[in-house]
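Next up, some structures in structure tokens.
Both of the next two complexes hold chain A, though its partner changes from chain B to chain C.
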Partner chain A sequence: MNSDSSPNREWLIDIKDLHVTFSQDDKTVNAVNGVDIRVHKGEAVGIVGESGCGKTVTSYSLLNILPLNGRIVSGEVRYRGGNGSIIDITKLNPRSREMRKLRGGEIAMIFQEPMASFSPVHTIKDQIAEGILLHQPPKDKKVREKIIEYLGMVGISNPERAIDAYPFQLSGGMRQRAMIAMALACNPKVLVADEPTTALDVTIQAQVLMLIKEMQQELGLALVLITHDLGIIAHMADFVYVMYLGRVVEKGPVATIFDSPKHPYTRDLIRSIPKLDRPEKRLATIQGNVPDASRLPSGCAFHPRCREIIGEICRQTEPVLEEVEADHFAACFLHSPKREIEPGTGESEIVQQPQ
Partner chain B sequence: MQSYIIRRLLYFIPTLILISVISFAIIQAPPGDFVTTLAVQMEARGDQVDEDLINALRARYGLGKPLWQQYLIWIGNILQGDLGVSMAYNQPVSRIIMDRLPWSLLFSFSAFIIVYSIGFPIGFLSAVRQYSILDYVLTFTGFIGLATPNFLLALVLLWVYFEATGQALVGIFSVEYAVASWSFGKFFDLLNHLWIPALIIGTAGTAGLIRIVRANLLDELKKLYVTTARAKGVSEIRLILKYPVRLAINPVISNIGYVLPALISGEVITSIVIGLPTIGPVLLRALQTEDMFLAGSIVLILSVLTLVGTLVSDLLLAVIDPRIRHGV
Partner chain C sequence: MSNNHNESILDVRHLKKYFPIEKGFLRRVSGYVRAVDDVCFSVQKGQTMGLVGESGCGKTTTAWTILRLHEATAGEIFFKTGNSEIVDMAAVEKVRLKEIRRYMGVVFQDPYASLNPRKTVLDIVADPLLNYGVKRDEREARVTELLTMVGLDPSFMPRYPHAFSGGQRQRIGIARALALSPSLVIADEPVSALDVSVQAQILNLLSDLRDELGLSYLFIAHDLSVIQHICDRVAVMYMGSIVEEADTEELFSQPMHPYTTSLMAALPVPDPHKPWSPELSGEVGKPSEKGSGCVFAHRCPYAAQICHDETPSLETKTTDTKDSHLVACHFADELDIDA
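This part shows the complex of A and B:
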């Protein structure tokens, strides 16, 4: 459905070889190390990985809203505007008018914690109106009516009252719905949702995800969904990027990724999804911890935790994404012809289990 | 809201009773009383100490009675509007206070204006440009302001003013206006004498406020709602003024209640150095001579100011912060 191989579909966002670093107490943390992501019109792209894999940083780079100690070192984040013009977001000054026009107006974002993402001392109306007045000052209708319309659209009951509420007067699910209304109110082309349901009750999570999916399809939006939860990806995304330590280690259409995961990391992630039909005593986990991003492992960054490590090649050479089947790419020597270059060790080694 | 205010005003009563008991006890704690101090002073001057006079004074001020009786008499008189007579000044306490309190309030209010009009913008700049050269310069200056004793600053400024203008900036009016009736000239002379003491009194408060504003604003700038506003495309200056400043202002306002009495008690040394007719030096002298009625009254008035100050800041907080208004 997606892809690099189908050039006839127009992309909206094209991230190329993105590198982002953070400076932290004299250390440089390599948060994103050469990521390529492409988002097409109307497509739902999922970015999945453990915390610290650079998925949130990638999404912040889309809007050029990295914190002050973060820096886009190299790479491109290109956006195709409505009139066909192509803008490289990394070249824009984060404070420039052009950049601010894109934020909210073209690319809107939904954040993880609806409580913390709203100012507690401003009303819902005040905070939603802000974006509307910046990007889509209505001519015919009053702003208030427009906000009520959007609040109703995202399923907030009694929007006439909710509009004048303060965020703390709404429940968590309602707050996240209001956040979605706020993002949609400026008619963006792309919706970026960064762990949109992590802070919500499990019962509410499904409803909010359904809402996001509905809105995406109804309004024809491109969706970039960032999550650590493969279950959510399975329901929401068309195309999946699996990230580990700032790199994309596997990408492909959602069905392919789940049916035949190629990268050992993706396999581990899928294995650790709890299953209702197979009661297990213990949840499967991925051995070890995510390494410190300021001291990346040599070779394949995943090799210290990999259960299918081949040998020296994994420790010394960095694998690149290679097509393993149509539209499905993985960065692992298991599926690379390069594996043959190193005949010495041959069989798989057993990695020492860290206890 | 109304019932809240009434409830808060009712809380004033037990608080004030407690403060009056404690301040009475502390003022009376040192051995001896006002008459003893007086006798020692007379002896030091080489005067004959007349036992009859001493006893007559004790009887007149009720100093021979047990402490709890003295306290009840004092409080009873205050409730009837009689603050008593100052033993040291030999004048009604109310007259001394009325002569001096307005000046104290004038200086404190000017200092208050200076503290907020200098401290807030500097703290703001310091936070928004964290770790810039500007921040380091402002922070450094702020720490010097915090660390410099008021009296030293007063002496230095007096000297600088004298060197520059050839006039001594002592007292509240220049010699030619001291007994003159009110005129524009006298008013400007007052303003001229006002700003240096106000600046001195306000220095430490300003430096403190810079730290409070900087720290709070830095906390708020990291909050997620700032990122949300940024992601909406709001310009940096507009979003900072609308969101984090609005939230960082809370601790600043809750501080107002403590700033008032701190300013009044902070002016003692400055007033002594510059020779201002304010209430601070009187309180110091009253405490030294165990002039119970005078000292007690001043402490009570300062307490009332503190209570009113905290009430005002609480009400302001409720006005600007819906979380407090709605009781979250």
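This part shows the complex of A and C:
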């Protein structure tokens, strides 16, 4: 692996073979099925996929904030602390002191819906102060001044007034800025942003994304950005993970993913967005719908929708991520050397494939 | 206003919708939210007219007023019904609404909220038919036809909405909108709740249905790339007013209003090699605090004194194309903003 060999790129977060399930009524939903994600210092990692692909669950596992019916079945989420110690987050009790220290203090999160993720009955000051007092009670400066400083930093006009406001008194864009201020207030190393702008208008979305990018670069943060919007990924991420039904199907540097996508899912996803600069009369589509995560297809999870299906091998064997070019991995038999090795499982089946 | 060489199915003239702001115990009216403020546009037969803008710009209120779900404060809404009668939706007697509304289909934004979870697909799609007295066996035959038309298996009829994915639900919603063979379909953000791969399917379906059935659409969206893909003509709205209106190709190749260009610049293009430089600062203003002058003046980088004092009217600007390109900007002829 390329990223492994370069010693100057030290990882901060290393997710290994993560499996997360949810119990719903009496069935089990496999939300995340063996995901490996690595986040380096100062890097912006983008996780992209459609609803139900497990991107949000993956991010919740990072902070150990899975809902009560969710369970990390196996795998590791390792975090490298400031003193070089390596902590496996999955082994920590979500309510333990160590986990609470990491959460917010080292790894901070920006949620999708700022109205739903702030408490409506506390002022902005009280909510930001809670984190600061827990993680870094200031010695010299008063908490209030520190909060005003952060609110100003994220571009809230008149922070002296906004600090005493309740969340409902702020507009959507300002609320999301306050959320960013709250996330940054404890000097985290990693910022996790789960669809941070989905609830915002385009012009406000642009402002908030620019702010996140600016803060990330200025403070040297590692960013984990989760979104369904390929346009945002293209401009915000350095390294991209494409997820489908709880698995990473492709990963690589952002330019490579957009220039030469290898997995049929990534290719179709990119082709199916209407583009401002290249208007087409008819959009390319991906046939069918994202299947229910409680009834995962056998073999490659994408095979029922795949236009480039090879044959029986896709239906029976689950492909693994393999390097197709430097630093660029895809989980597809189209690019796998194994395809040639296993006789009788591939090519002859194509004719029988109903289209 | 409208292109004379074409036949317009909907002609909205100087439409206003003000909502009163009530204060105090006596609920005295202290002001008005001017949600739709002097809006004019028309929808041509067989074409798709797009309304685009950010939340609160009045695009949904416009649609609701056209459907007479809101009473218009002022203005006319001329709608040509299926039997070629022209009625003013803003003034027509209430008893006639049912008979007229059958020619208008509506597709809603959220396919999860707009389908009754206690009704089967058959009941949902057949509901408009029931409303207009279609007999039982004819209803079933029509629903079969409709479901096939929108790409669903008619055997889904006895199922409930929860069994369907977002895209399939939106197909059910479209089938319901088409049940009475409307001539105008009002689609309010029909794809914004859907995943990208499914969004493309629904957009293609809507275009196909328009061509097959000769429908006309009023298509409301906030996403410019979706608008560009499906619309023939586009009106850009900001704080209750149309600031620019032109044919799609013209609008996207030669935008003239500073708001239109900011909106385009704000959209991240899915290509990491293309520069992305959104510039617009500030937030959408409140329609209740609208003063004199251009609605966009408080955010406009080119605003001069005149912009704060005088409201620019929506006027035809000189362009190379024959179809009209309307802009409401004092400096539309001088600004070279697409460069």
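The working rule: the second predicted complex is superposed on the first by the 330 of 355 C-alpha atoms of A that agree within 3 Å, B and C clash if a C-alpha of one lies under 4 Å from a C-alpha of the other, contacts with A are read in each partner's own complex, and residues count from 1 in each chain.
What we mean here is this: contacts are C-beta pairs under 8 Å (C-beta built on N, C-alpha and C of every residue); 3 or more make two chains touch, one makes a residue touch a chain.
Keep in mind it's a predicted model, so treat the numbers as computed, not measured.
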When chain B and chain C are modelled together on chain A, clash or fit: fit
Touching partner for A:S171 - first (chain B), second (chain C), both, neither: second
Partner chain(s) touched by A:L63 [first = chain B, second = chain C, both, neither]: first
Touching partner for A:F111 - first (chain B), second (chain C), both, neither: first
Chain B versus chain C as contact partner of A:S85, first or second or both or neither: neither
Angular separation of chain B and chain C about chain A, which is computed from CA centres of the superposed model and rounded to the nearest 10 °: 70
Partner with the higher number of touched chain A residues, chain C or chain B: C
Which of chain B and chain C A:L209 touches, first, second, both or neither: second
Which of chain B and chain C A:K101 touches, first, second, both or neither: first
Contacts of A:S272 with chain B and chain C, given as first, second, both or neither: second
Chain C versus chain B - closest C-alpha approach in the superposed model, Å: 7
Sites on chain A touched by chain B in the complex: 63, 65, 95, 100-105, 108-109, 111-113, 116-122, 130-131, 134-135, 166, 168-169, 182, 186
Chain A-facing residues of chain C, complex: 54-55, 165-168, 195-201, 203-204, 207, 222-226, 228-229, 252, 262-274, 276, 278, 280-281, 283-284
Chain A - residues contacting chain C, complex: 50-51, 171, 173-174, 201-207, 209-210, 228-235, 254-255, 258, 268-270, 272-277, 279-280, 282-286, 289-290
Chain A-facing residues of chain B, complex: 223-225, 227-236, 242-243, 246-247, 320-323, 326, 328
